[in-house]
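In the two complexes below, subunit A is the common chain; its partner is subunit B in one and subunit C in the other.
For the complex of A and B:
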C-alpha cells in the first residue's frame, strides 16, 4: 500500500472517531429533564386529586357509615338501636375529614397519647379505610402517595391537643415528586373549637385565653415508583 | 491519487461505505434526539391545554374549581382556537374502570400522525351532573399537530 493510502486510512479513522463521539453525545443528551416533566405532571395530578376529595361525595366510593361507641367498643345495646348509627353518604370526602378532625382530637401529655372517651373513634378508622380506597382509585397506581392531615396544635400547660392522620401507599416509592396542600375549615368556629377541647379534656379553659385555629391542613405528596 | 483496479479502489469503496454508515447513524441519532425534544414539548403543550380546560374553559357557572361542566360548545370554540395554530384536540371523560362517558374531537389516526404522534395526559376531575349531583371521573386530553 502506498504511503498516501495509509494516510487516508488514518483520516478515515479520525473521521469515524469524531462521528462516533457526535452520535454518543446525541444519544446521551436529553433535550429536557424527564424528572421535571414527571414533577410537573405529578403536581397537576395532586391538585386534581385534592380538588376531587373536596367535590366527590362519599356514595361514589361505596358510602360511609359508622356507629357511635366508646373506648373502641360499638354501642350495640338494643335500647340504642339504630340511633347510634351515622350515615354520611351525602358528604364529600374533605367534609368527612374535617369532621373527623373535630370529633377525634387527640390529647398528648408528657409525650404520650391519652386515650379519652371518643364516641366517634370508629369514624376515624373507617374514614382512613375509605380515603385509602378512594386515593387508590383516583391516583390509579400512577404514583405512590402520602396524604397527611393535621391541625395546628393547641398547647396547654399540661397537654397538647391536636389532630393528625396519615394515609399512605409508599410500598414502591422512590423519589418524592411534589407536595400540594389545601386548607379546610373545620365545621366549627374558634369558640366552638375551644368548647370542643373543653369537652375532650373535661375542664373549663375560660381563664386561659386560648387561640385555636379551626383549620385543617391537608397535604398530598406524590412519589415516583 | 491514482486509482488502479486493486488496493486503492477497494480502499475507496471501504471509505465511502464507512462514511455512509456513520452519516446514517449520525442522522438517526439526531432524529431520535429531535423526536424526544418534540415529545417533551408536546407533553408540555398537552398538560397546558388540560390545565386550561380544567381551570378555565370547563369550570361551571358557580366558578367552583375542580367541578367541571362538560360542554361541547365550549370545547368546540376552544378546539377552533387550537386548530388555527395547527393543533388538534380530543377530550375524553370516562369512569376509572375505563367506560367512556363523554368525548369531543376527532380520534387520532396512528398512520396519519406518524411524524407527529399524539400525546395525552389524564387526571381525575369531578363532573357536575343534573340535579346538583357530581361524579368523579378520569379526564383525558390528547393533542397532536397537523
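For the complex of A and C:
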C-alpha cells in the first residue's frame, strides 16, 4: 500500500512537470512574426515617405532659400544685392534634390574630390539640412534612416563625374528593415547633361561619345531601433 | 477503489504535451505562410508605389518642359500677341515634353527592368494647355495620346500592371499670367502715363522758372513723377 502511494505521487509529479512544459511551449510560441510585421510597416512607411518627398512643397517644411557663392563663400557684396538670393518655396523636395544633383556634380580624379567653382554649393548644404528636418518630421523617431541619392557615374579617362549625397540618422540603428528606391529624372536632357559636365570641367567632350543617364536614384533605408 | 480503466497522470500529461506540440507546429506553419504573404504584399505595394512615383516624375518633367518653353518664348515676347504667345508656349512645351519622354522611358527601363513606358509617336499628341490660376500662376494640362501607358511587372512575373497615362496636370510656379496681365495694363495705360508724366514735368519746370528764374532737372523727381503717373 505504501509503495502504491509513492507511485501515485511520482505519477502526479511527472504530470505536473509535463503540464508545465506544455505551458512553457505555448507561451514561447507566438502566432505572428513581429519582424515580418515591422518590416511590412517600415516598407509601407518608406514608400509613403518617398512619395511625400515628391509631392510636398518646400513651403510645407518652412521654405528654402540660399545665396550664390564661390568656393564656399557667399556673395554678400552690395553691388550684387538681393540678386544672389534664390527662394524656391513652390518646388517639391524631390525637385530640389534633382536640381541639386545637376548643379552640384562632383568630379573625382585619382580617388580625390576636386574643388571646383560651384556657385550653388550653398544649395547643397542647405538642402541637406532641409531634407534632414523633413525626414525627422515624417519618420518621427519611429525608425532610424538613411536617404541616399546618386546618379550613374560618367567615367572619363582622367576623372569620374557623378552626384552622390547621403542624409542619415543611424545613431540607434539595429537591423535594416527595408530599402525602397525611387527614380527621378534630372531636369536636363542627355545633351544638356553633357554640356553641364563640359561646363564643370571646362573642356570640350565632343569627340568622346559619352552616354549620360539622366536619372537620379533615391534610396531610403529604414532601420529598427 | 477499482483501478482498472483509469489512465495514469503521466500518460495524460504526455498526451497534453503532444497536443501542444501539434498546436505549435500548426501555428508555425501558418506564421510561415503569413510571412510569405507579407513578402508578396510588400512586393506588390512596392510596384504600386513605383507606378505612383513615375507618374509624379512625369509631372515634374512636364513642369520643366513648361519652364523651358516659357523661358524661350518670353525672350521674344514682343513678337507675339497674348493668344499667339500662349499658343507658342503650349506648342513648344509639348515638343519639349515629347522629346523628354522619348529619353526618360528607356532610362527608366535601364534602371529598373520592371518598368516600361509605352508612348506613341509625338505627332499624335493633342498638346499642352495652359490655364491661369489664383495668384497669376499657371496650370499645365496634357492629354497624352491614346495608348500611352506605363507597364510594370513584379520580379517573379506574378503581378503585371498596365496603367494608362491620362490627363497629366501640374501646377507651374511661374507667375506668367500675372506678368501678362500687368504688361497689358501697362501697355494700355502707356499713353496716359506719358501725358500725365509730361504735364507734371512741365508744371514743375514752369513753376521753377517763374518762382526761381531757372529750371532744375532732377532724375529722382522725374522717377517719382513717372511712378505717380
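In this section, the second predicted complex is superposed on the first by the 224 of 225 C-alpha atoms of A that agree within 3 Å, B and C clash if a C-alpha of one lies under 4 Å from a C-alpha of the other, contacts with A are read in each partner's own complex, and residues count from 1 in each chain.
Heads up, the rule we're going with is that a contact is a pair of C-beta atoms (placed from the backbone, for glycine too) under 8 Å apart; a residue touches a chain by one contact, two chains touch by 3 or more.
A quick note: this is a predicted structure, and the numbers were derived from the prediction, not measured.
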After lining up the shared chain so the two structures overlap, which partner does A:12 touch, if you call subunit B first and subunit C second: first, second, both or neither? both
Contact-wise, after the overlay, does A:51 reach subunit B, subunit C, both or neither (first, second, both, neither)? both
If you stack the two complexes on chain A, which partner ends up touching A:153: first (subunit B), second (subunit C), both, or neither? neither
First (subunit B), second (subunit C), both or neither touched by A:32: both
Residues of subunit A touched, compared between subunit B and subunit C (which is higher): C
In the overlay, answer first, second, both or neither for which of subunit B and subunit C A:140 touches. first
Taking the superposition as given, does A:182 touch the first partner, subunit B, the second, subunit C, both, or neither? second
Could you tell me if A:22 is touching subunit B, subunit C, both of them or neither one (first, second, both, neither)? both
Going by the contact rule set out at the top, does A:40 touch subunit B (first), subunit C (second), both, or neither? both
Of all the subunit A residues, which ones make contact with subunit B and with subunit C? 12, 15-16, 19, 22, 26, 29-32, 37, 40, 44, 51, 54-55
Which residues of subunit B touch subunit A in the complex? 1, 7-8, 11, 15, 18-19, 22-23, 25-26, 29-30, 32-33, 36-37, 40, 43-44, 47, 50-51, 54, 64-67, 96, 121, 123-126, 133-136, 138-139
Any idea which subunit A residues touch subunit B in the complex? 1-2, 4-5, 8-9, 12, 15-16, 19-20, 22-23, 26-27, 29-32, 37, 40-41, 44-45, 48-49, 51-52, 54-57, 60, 137-140
Looking at the complex, which residues from subunit C come into contact with subunit A? 8-10, 12-14, 16-17, 19-21, 23-24, 27-28, 30-31, 34-35, 38, 41-42, 45-46, 49-50, 52-54, 56-57, 60-61, 63-64, 99-100, 103-104, 107-108, 110-112, 115, 171, 173
Inside the complex, what are the residues of subunit A that reach subunit C? 11-12, 14-19, 21-22, 25-26, 29-33, 36-37, 39-40, 43-44, 47, 50-51, 54-55, 90-92, 94-95, 98, 178, 180-185, 187, 189-190, 213-215, 217
